[in-house]
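In the two complexes that follow, chain A is the common piece, with chain B as its partner first and chain C second.
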Partner chain A sequence: MPSRPKSFSRRWRLAPILRFAYLAFFLLFVLVPIYWMFNTSIKPSDDYLAIPPVWFPDAPTLVHYEAALFAYRGLEGLINSLIISLSATVLSALLGTLMAYSLARYNTGGQHLSFWVLSQRFLPPVGIVLPLFLIYRNLGIHDTRFGLILAYTMFTLPVSVWMMFAYFRQMPKSMEEAALVDGWTRWQAFWRVAVPLAAPGIVAAAVFAFIACWTEFFFALVLTSRNAFTLPTVFRAFIGFQGAQYGEAAALAIVSLGPSIVLGVLAQKHLVRGLTLGAVRG
Partner chain B sequence: MAEVKITGLHKRYGAFHAVKGIDLHIPDGEFTVLVGPSGCGKSTLLRTIAGLEEASGGTIEIGGQVVNDHRPRDRDVAMVFQDYALYPHMTVANNIGFGLKARKMPRAEVEKRVTEAARMLGITQLLDRLPRQLSGGQRQRVAIGRAIVRNPRVFLFDEPLSNLDAQLRDEMRGEIKRLHQEIATTIIYVTHDQIEAMTLADRIVLMRDGVIEQQGAPLDLFERPATTFVAGFLGSPKMSFLPGKFLRDGSAAAISLGDVLMPLPPARASIAAADGQLILLGLRPEHLSRAEGPAPVPGHIRQEAVVDLIQPTGSRSYATLRLAGAPAMAELQAHDVSRPGERLAIDINMNRASIFDAQTQRAL
Partner chain C sequence: MADVATIIPMQTAGAPPKLSRLGAWTERHFKWVLVAPAVGLILGLSIYPLLFSLVVSFINYDFQVPGHAFVGLRNFKLVVFDPVARWSLVLTAFLSGTSVIIEFVLGLLAALAMVKSFRGRSIVMSILIVPLFISPVIVGQAWTLLLQRPFGPTNYVLSQLLGHEVTISWLTQAPWLYISLIAADVWQWTPFMFVILLAGLTSIPQNLYEAAELDGVSAWLAFRAITLPYLMPMILLALTFRLLDAIRMFDTIFIMTGGGPGTQSYTASYYLYTVGFTQFHLSQATAGSWLFLIFTAIVVTLLVRRLLKPEAV
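Right after this comes the complex of A and B.
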């Protein structure tokens, strides 16, 4: 049997090792900070900056969670954040889907309206925060969940519309037309055919909207104070002129990861596109 | 079941005029095929009948009722789309029954009709599958099932076979024709394939640039094309057109192709052409055959030609000939012709030849 060239056989064995090393590096890159955050959240305050670092605390504690959630009102922030983010996400997905469908199928507003919708994102947010603050104060919706839901819906809508617009445009019209000829109204064809088929797009747009709302800090800071404050604004309190509350910050960060992870797992199935495959010739 | 009557129908998309004043009367139960090259407006016409496009002018009547302002759902038509347009998130059974549910039919009745339609099309074993688990031919059947289960007044087919491979296309073509014989509902069928048009239609409506070029029974159009366009569109390989001159001398008439003189049989001599008029002589491949016997049969003329190109198909061979200096395709017996450059005596059937005005391209 002729022997293989040496370089070939070596490369053959090297490839999986390289791939493993590459993946391991990125896995560590992503997971170590999260572990360190978790680690910090359960270790006693003295161990925060200890040298050598304490990787596995001897006496894990939950005091930081207690302090972050109750003393620093993290739990209220969490509840506000959940209500506001979910409401804004649902509104943004619902309105975005309707707007996008109208733009994609009826060419509403000609070629300019769709671009105008997206152009709302060109404006730096800082440019409108003061006017918005004044308007909200005059309308009496400053520091209310409703006010923030409204603002967040407004900010996430352009991206939702644009994502859904692109999605609807690549979806063949013929299935909705088949429904129309089959005896359904436009509205029924939309709900029973177009929306189920666009589900992956709607879920993707909703996930983006939720993440944007969940992590938003600037508007929450300006438009709320003692009542409707959201989770990100709570973190301000952990850094004072006397030092930083590392344990509490880490504990609340871990808590704030929860909903994102749950959402990610739930949405994962729908994020996979391909539902339209098989509808048309294959 | 219903007749369809279209009067002065126009469809414009902005500046683009897709359908330019169509008048068409389709009797109840007729299988009408709209055929023409892509962009001729045939699909637009069909979609306008379905109500998926709004007419820019003219009227559409279905069963004696003007339906211009009716929504698609109120027209009681069923449509089979080119891409099948099955609902990917529903099983085959739900795909077929979806239209019945829209009409609030009781569940048991829906089930009964779906089962019946599936049986007719031989897809009973597929009822629980999703469209993506089906082959192209099976999807096509489901799409047809979705239409027949509704028992509509008119069936509309929009190029339903163009996504199938050749063998399946032949098979489905036969099934659609049999289906029409069984249910005898009015069918309007759009295709760009002239063989589909010829084989399926009771009547062919040949369209070009948004107008009807000619309509009639398939063989009428094939044998008596009104224009060179119709003549060239129907038939494969297509008709050859040889430029020549019409000559008349008393009651006798002839055509001269260059220096070749071709006398016309008495039956064809009376056509409305003047002496010296420039014409196109239209010859189908089957009108040219290899010369046999000492003299041509009456109505035929014998002419020598040079073989340019041979395309054998098995039972027949298509030979491109140089006939009086112009190319003409002949359908010969498989062994009539052996190599390019060969000189052949050809008998031309002048009884069947078409003669067109070279200027207007219309039949004389």
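Right after this comes the complex of A and C.
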């Protein structure tokens, strides 16, 4: 075997060092803000202005968590967020699966209908939120959980539909066809055959819908105020106080991180499909 | 498999199902019945509001001026000739463009570093994707904690590294506040690029690289001749998706700078929000939203339709 050119093999040998150095830098970049937030949340307020900064608080405290959850109504926000996100997730997964099945198996509305749904994903929310605010006020559903559930279902639908659309398309039809031949109704073929087979896809779509609702801010900011406010909107209370409430803000952030990160990491197998609306299988 | 088990008992049951009138109707219009709820919801909560806002943008709908008289194009003129609106559009283009380019470069490097497997890769993977599951509000809050003078440790760390005292107001002083906003966006969305590009890289056939290695091709040439062309569709998809989300930038600005100082960190979304909800010029805001919407729609039709051809999946 002929020996390789020198320059080539040297470059190949250098690569691993650069590779791991870069990954180490990247890991640090991702972890430092999260660590600092956690650190701030358990640090006594006296430590905030210390120089050098306190990286490991000597006397960790939970007072900020207590204040964030109760004095700043973080707990109410948490409960609202849970109810609203879960309801919207179920509705979005249900409506999305129904529509996606029709699109995938019956080619309903041709390409136009599926792209019309897709285009909703890319509309700037600000264009919808302003008139929706006026409509909600007229209907009397402004600042209600119901109103935000509807809005979130609509806002997560394009992703649910397209993820399930891609899932049904790569699923063999033969089972459903066999069921139809046996005299089952189309509804039975869908509900008793296709849906159980597509369950993993539906769960994945639901996870991404939940994360989208859980982390959403703009709709909640405009469509709710004192009653149906969600967890992300509680952070408004901490703006502009020049550090006085940093512990509370950090504590609330840590509380809110849990659910979406756990779900997201568990569903990472489906992440590429989720981020590209099913266009890339990953 | 469970599905087989559910079918067999039905087969033996024999008789075709009897349908009620509603059932028969559903069966006949089955495909439309399935799409109806989703389409209805989108019509009610997206299309109707959009049409309503089109009406609002041609009349006077202002919480400070009574009456709903028809005013023609006045609301559109107010936006087009508002220097703040123009500035916000320029800033939106600048912030989103810069962030997306940085995210692309950092994400591509990370994907290249992760494509070959090594011990601990799955743990690294799980950590790198975490920012994707965090609310942008919290990302803004986290970076505020790091940067805000005098509480954040950033200036202290920089002082130590550079050997002289650094006193930068990261959130209230241009150009630093733009760097801060970009940093927060890059932190949250580089993983997006990374994940998609990694999926693209893993799908490139390995034997191409083996052949290149045998031919003594340099790593750089292999990257240019094999990796880039194969990756190009993914790159375009990732850039388009990211750009369309980046131009909506709102949450981090709301938390980190509040649009300030003055109107220096107004993006398009922030401008429209402020006009509508703190100044209550709702018709002017809806007129502006429509202009922004048309602008986005052009980008969507030009780019997304081409990228997401259903048959190409």
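Keep this in mind: the second predicted complex is superposed on the first by the 218 of 282 C-alpha atoms of A that agree within 3 Å, B and C clash if a C-alpha of one lies under 4 Å from a C-alpha of the other, contacts with A are read in each partner's own complex, and residues count from 1 in each chain.
Everything that follows uses one rule, which is that a residue touches a chain if its C-beta (ideal position, glycine included) is under 8 Å from a C-beta of that chain, and two chains touch if they have at least 3 such contacts.
Quick caveat, the model's predicted, so the values are computed rather than measured.
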Chain B versus chain C as contact partner of A:102, first or second or both or neither: second
Most chain A residues touched (candidates chain B, chain C): C
Which superposed partner A:258 touches (first chain B, second chain C, both, neither): neither
First (chain B), second (chain C), both or neither touched by A:184: both
Which of chain B and chain C A:196 touches, first, second, both or neither: both
Touched partner set for A:175, first chain B, second chain C, both or neither: both
Common interface residues of chain A - those touching chain B in one complex and chain C in the other: 175, 178-179, 182-185, 188, 193, 196-197, 275-282
Of chain C, residues touching chain A in the complex: 2-3, 6-7, 10-11, 15-17, 19, 23, 26-27, 30-32, 34-35, 37-39, 41-42, 45-46, 48-50, 52-53, 56, 61, 106, 109-110, 112-114, 124-139, 141-143, 145-146, 148, 150-151, 153, 156, 187, 191-192, 195-196, 199-200, 216-220, 234, 237, 241, 244, 247-248, 250-251, 254-255, 258, 268-269, 272-273, 276-277, 282, 285-286, 289-290, 292-293, 296-297, 300, 304-305, 307-308, 310, 313
Residues of chain A touching chain B in the complex: 172, 174-175, 177-185, 188, 193, 196-197, 275-282
Interfacial residue positions of chain B with respect to chain A in the complex: 50-52, 71-73, 75, 77-79, 81-89, 98-99, 102-103, 130-134, 136, 139, 146, 150, 156, 163
In the complex, chain A residues that touch chain C: 4-5, 7-8, 11-12, 15, 19-20, 22-23, 26-27, 29-34, 36-37, 40, 48-49, 51-53, 55, 95-96, 98-99, 101-103, 105-106, 108-109, 111, 113-115, 117-120, 122-128, 130-135, 150-151, 153-154, 157, 161, 165-166, 169, 175, 178-179, 182-188, 190, 192-193, 196-197, 211, 214-218, 221-222, 231-232, 235, 238-240, 242-243, 246, 249-250, 253, 256-257, 260-261, 263-265, 268, 271-272, 275-282
